[in-house]
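Each of the next two complexes has chain A plus one other chain: chain B in the first, chain C in the second.
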Partner chain A sequence: MFLFRMALKNLNRHRRRTFITALIIAFAILIYILTEGLMLGMTEMSFSNIINLESGHLQVANQNYWDERKELPLKNLIEPSEEIERKIEALSGLQAYTKRLNFSVNLNNGIDELPVKGVGINPEQDGAVFELQKHLVEGRMPQAESSEIIMGAKLAELMDFELGDYAVMLIRTPDKTFNTIDGEIVGLFNTPHPSLNENNVFIPLTTAQSRLDIDNQITNYVLRMESQDSGLTAAEELDRNLEAPLAAYSWKDTAESLVTMIEMQTIETQVILAIILTLAAVGIINTIILAALERMEELGMMKALGLHEREIVYIFMGEAAGIGFIGGVMGIILGVVGLFIFNYYGLDISAFTGGGDVTYGFPISGTVYAGWELSSFIFVFVYGMVVSILASFFPAFWAARKDPVKAIYHR
Partner chain B sequence: MKLRANKILNLTFFIIIITVVLFSQQISAGEQLGAEEIINRRDDNEYIITAYSEAQMIIKSGGRTQVKEMRAWQDQSNSLAEFTNPRDRGTKFLKRDDDIWMFFPEAEDLVKISGHMLEQGMMGSDFSYQDILESDKLTDLYDFELLGEVEYQGRPAYKLEGVKVPGKEVSYYRRIVWIDKERFVGLREELYAESGRLLKEAEVLEVEEIDGRWYPVHTVMENKLRENTSTEFVVKEIDFNIEIDDSMFTLERLR
Partner chain C sequence: MALVKLVGLKKTYQQGKIAVPALRGIDMEIESGEFTTIFGPSGSGKTTLLNMIGCLDKSTAGEIIFDGHSINNLNNKELAEIRRHNLGFIFQSYNLIPVLTAFENVEFAIRLIDKHSKKERREKVMSLLEEVGLGDLASRRPNELSGGQKQRVAVARALIKEPKLVLADEPTANLDSETSQEVLEIMQKMNKELNTTFIFSTHDPQVMEYANRLIEIKDGMISREQRRD
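Let's look at the complex of A and B:
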């Protein structure tokens, strides 16, 4: 307790110096909190975009299809059956499900051709699982059984299409035979999921099935659950109940590359934190050395009065811990204020990607809002304290080892 | 003597009868050529065992015209084409059975054409890579039916319709072909999607008799899904049945 009071008094002796050193730590913590907040915000937004617009909470597909799904093959499709649907309906936490068919399309406007992804949707059920309708900027959703289509406003602009135009969709049946669909554009959407806006065309499922000569086959079932977590547990449960080659895939399986990317980003944020705190550590070392030099006579006196070297080290470490604590508290207050501002105004992504559509691989666009996570606050606070204490160890040890006689006659 | 004269007369008459009968049979046989037979005769006529050719490709697209020149070696299942016009000089294509590779001299890069790329036009033309790859016998892939005999560009011709045999892997669901009745050379071809939409149209503008067979030397292909595009293919020179070294159709040769 005596040592602790000593450390506290020492902290109080040079308030300005303490404050400035603590400020460095506070600054490091602020940067970490903001970066982490941005990362969390982007992650949350990415996942919700993927869930709400691309994959739902979980999907049922043929395992062999799943591995090649990016190629949009018309092999290993699912024959919808009551048995599968019974198993889906038995899941707890299920809100809705729908059938979808993904296929490859060459979109033609009479001048140019563009390869895009065609998605057959069931207009009656799709809205209960996906949020596409919410993002319509013009027109309406296609009607069942019709050849009406909707596409991203961006894609339409690129291909010079307008609402009411007919787009020729050149497709190939499983026999590789060409077929065409003259799709009437009845709606344009602009979602926060960039790839959806750029290369997806939606058409009623039955129309797609009949033109592709695949009877009533689909590529996947998509399910909406109560929450993201129930999607994960339900995927496991359903996967056990389904017979091979059918399998259930959660939203995390869909966003596999995104998950990897986020892991990489987390490491990146840690590295940034480590670098900034190392700089802060240099500040602390400097402060401790200064304090030690200043109080050399005092140290000599204390040692002469019987204080152990260990105890002197404790005093300095306590002082550093104090700086770390003050810095941590300031950093967290600054971070909370920063995050609040960030969350209130949001951050327009296009502003820091130069107005372009570059999103560094994240399936997001528009305005990002910061995410919050208590654990990251605790982590960064503790980390800041630990770095401060460790940084003080060597200068404190150096000061404590001084011969008391020489220390007293320091000058 | 009289008997003998009579005999000769009888014989002459018999020969005439025979000739007339045979001839008329031959005529009716010609008229009743089955649809498949007509297609096969055209294919035999245009079939290449080995050949060396020099050709020109005139690509018109959106008001722009590009002329590409090439020379090519081919046998029954393989071909190697090399572009010789200044802009594309050294660009090579190798077709080996069901694969196509392309070599870009500037990048010294070898690319296998697959997936979506197969549906693109070769060198920006209206011939897709897939069109080049489909080399199976047409009568195996389509059920042909003779629609009738018509006159096409001043030539008597058979008009036939082929509909895809269910289950066969083939790009075009239906094709209508005009085949010269006497020369058994294709004059025109229309390629349709399953929906009935006309996708491509090929017209033979000029045929020439080379080494005793009629061969189309000037063809124009139009992609009907795109406006104002056409590709003319002009064969400048062709030598049939030349000797080709086995190493011609190898990837090493492509580099």
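Let's look at the complex of A and C:
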């Protein structure tokens, strides 16, 4: 212990050098905390967007439909029934549920045509599950049984539509017959979910069902639960109760590709951290070598006093641990300040995407607010300390192996 | 039984392709309690001899017997153990640890042998610092001490663990004659009070006056030896 205390006292010898070396570690930690915080903020916003605007906390769908859902097929649909709804209503933590019908649309403005996703919604129930209404920038939600539609302001701008215009929606029934809906645009929205803004048109469910000639069939039930966690447990519970081919899918199942992407991004962040800390480790190595060269006579004296090589290694590793600790504390403080700023003011990601909606695969747009997790702070602090200590091992060992006579007389 | 016995001790340094003999065959015995001075011109091999006796360097040929045991075949760890428990060193340039106080510098040596309680350690260190006249300066760091005071701290550090043998390599070389005398008197006092064996290497005639045994080295060999009562 006294060797460790002496190691800490040694940090006082060249305070500026100690500070600069610690600053490099602090910088690495700061970068990690900010990157991680931003990633976390983007992840939370992505999941929130998916839950609030796309999938709810869980969905009920036909398993065969689910596998092909991205193709928007009009087969393997659900016939709504009291039995299914009784099972849904029996779930604890249920707040609301609604029915939806997703289908393929070619949106036509008389000149251009654009393939988009049509979504049949129940205007009375949809607002209890989704937050679409909150993001209306013009107009209102469509009325039930009508041919009123709403779409993203971006999509409207792209297709040259304005509020009150009629948009021709070209659709195909399950038996491949073409049909059209003349939808009056009664609302424009701008959500933080870019694909919703650019690619979705919402229409009353009954209108969509009648024009698609599918009676009262739907593609899915969507449920809002008390929390994300209760969504996961309820999905398991409901899945057990439903009869095949029906199945329950949690918001994580919807965001499957996002979860994979986040896992990859986490690895990427850690690789960045490893690279920056490796550079910081070079600083530590340099500092320990300099310290050893400056203190060569002292090292010789220590060996003459009978210090073992491992004890000399402890002293230098103790110094490195001290530098790592100072750097870690500085990095955490800087990181907390940085995260506070990110969290308070947010980061407008459109600045990085040239104002567009390219969001590197994340279903987000606008301003991202950083998130934080205590475990990240602990991880990066411990990681910084470990890298510092490990980086010092070889120079410390090199110093400890010095011939005592050569060290004493600095030969 | 002699505390240190050297038999046909040789040391040759290799400088590139040239072999430079530093010791050419030293036979010598040092008894416990002796206050011995090794003197001779620069390059005669004094420091090399001291390093051999101090288990800091290994011989090319011959044998070193310390306290009845041959140290020739010991590894670095075993040699460090001998230095830790049985030897004290005093260097020309003091070699104190600048970030530690006088008290802590002395305490450093005794902490390595770990057989005293904190209280005992404190009393022992303070008592020895008072003996060398530094009781009031215990909390000062080396840069706040004069050369003589630093060397007294070094003497206290060498003696605190009550070693069997203290090796001093030109301990007065950086001191004025008055301070040298003070330091030598302290060492002589310790030699008499604690029966600690001292071996000096020096050029300084003043040091030689205090010794009860003088050994002159020339060209790596003992050229003259004199005992005094």
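FYI, the second predicted complex is superposed on the first by the 410 of 411 C-alpha atoms of A that agree within 3 Å, B and C clash if a C-alpha of one lies under 4 Å from a C-alpha of the other, contacts with A are read in each partner's own complex, and residues count from 1 in each chain.
Definition applied: a contact is a pair of C-beta atoms (placed from the backbone, for glycine too) under 8 Å apart; a residue touches a chain by one contact, two chains touch by 3 or more.
Values in this document were obtained by computation on a predicted structure and should not be read as measured data.
Partners chain B and chain C, once the complexes are superposed on chain A, both fit on it without clashing. Contacts of A:376 after superposition: neither chain B nor chain C is touched. Once the two complexes are overlaid on the shared chain, A:250 sits clear of chain B and of chain C alike. Judged by the touch definition given at the top, the superposed model places A:175 against chain B, while chain C stays out of reach. Shared-chain residue A:300: touches chain C; no touch with chain B. Applying the stated contact rule after C-alpha superposition, one finds that A:197 touches neither chain B nor chain C. Note on the superposed arrangement: chain B and chain C approach each other to a least C-alpha distance of 71 Å.
Common to the chain B-facing and chain C-facing surfaces of chain A is no residue whatsoever.
Those residues of chain A whose C-beta lies close enough to touch chain B in the complex are 71, 104, 106, 108, 110-113, 115, 168, 170, 172-173, 175-182, 211, 213.
Remark: chain B residues 62, 115-116, 119, 164, 167-173, 193-195, 197, 199, 225-227 touch chain A in the complex.
Contact residues on chain C toward chain A in their complex (touch as defined above): 47, 51, 54, 56-57, 76-77, 80-85, 87, 89, 91, 93, 95, 97-100, 108-109, 111-112, 157.
By the touch criterion stated above, chain A contacts chain C in their complex at residues 2, 6, 9-10, 12-13, 297-298, 300-301, 303-309, 404-405, 408-409.
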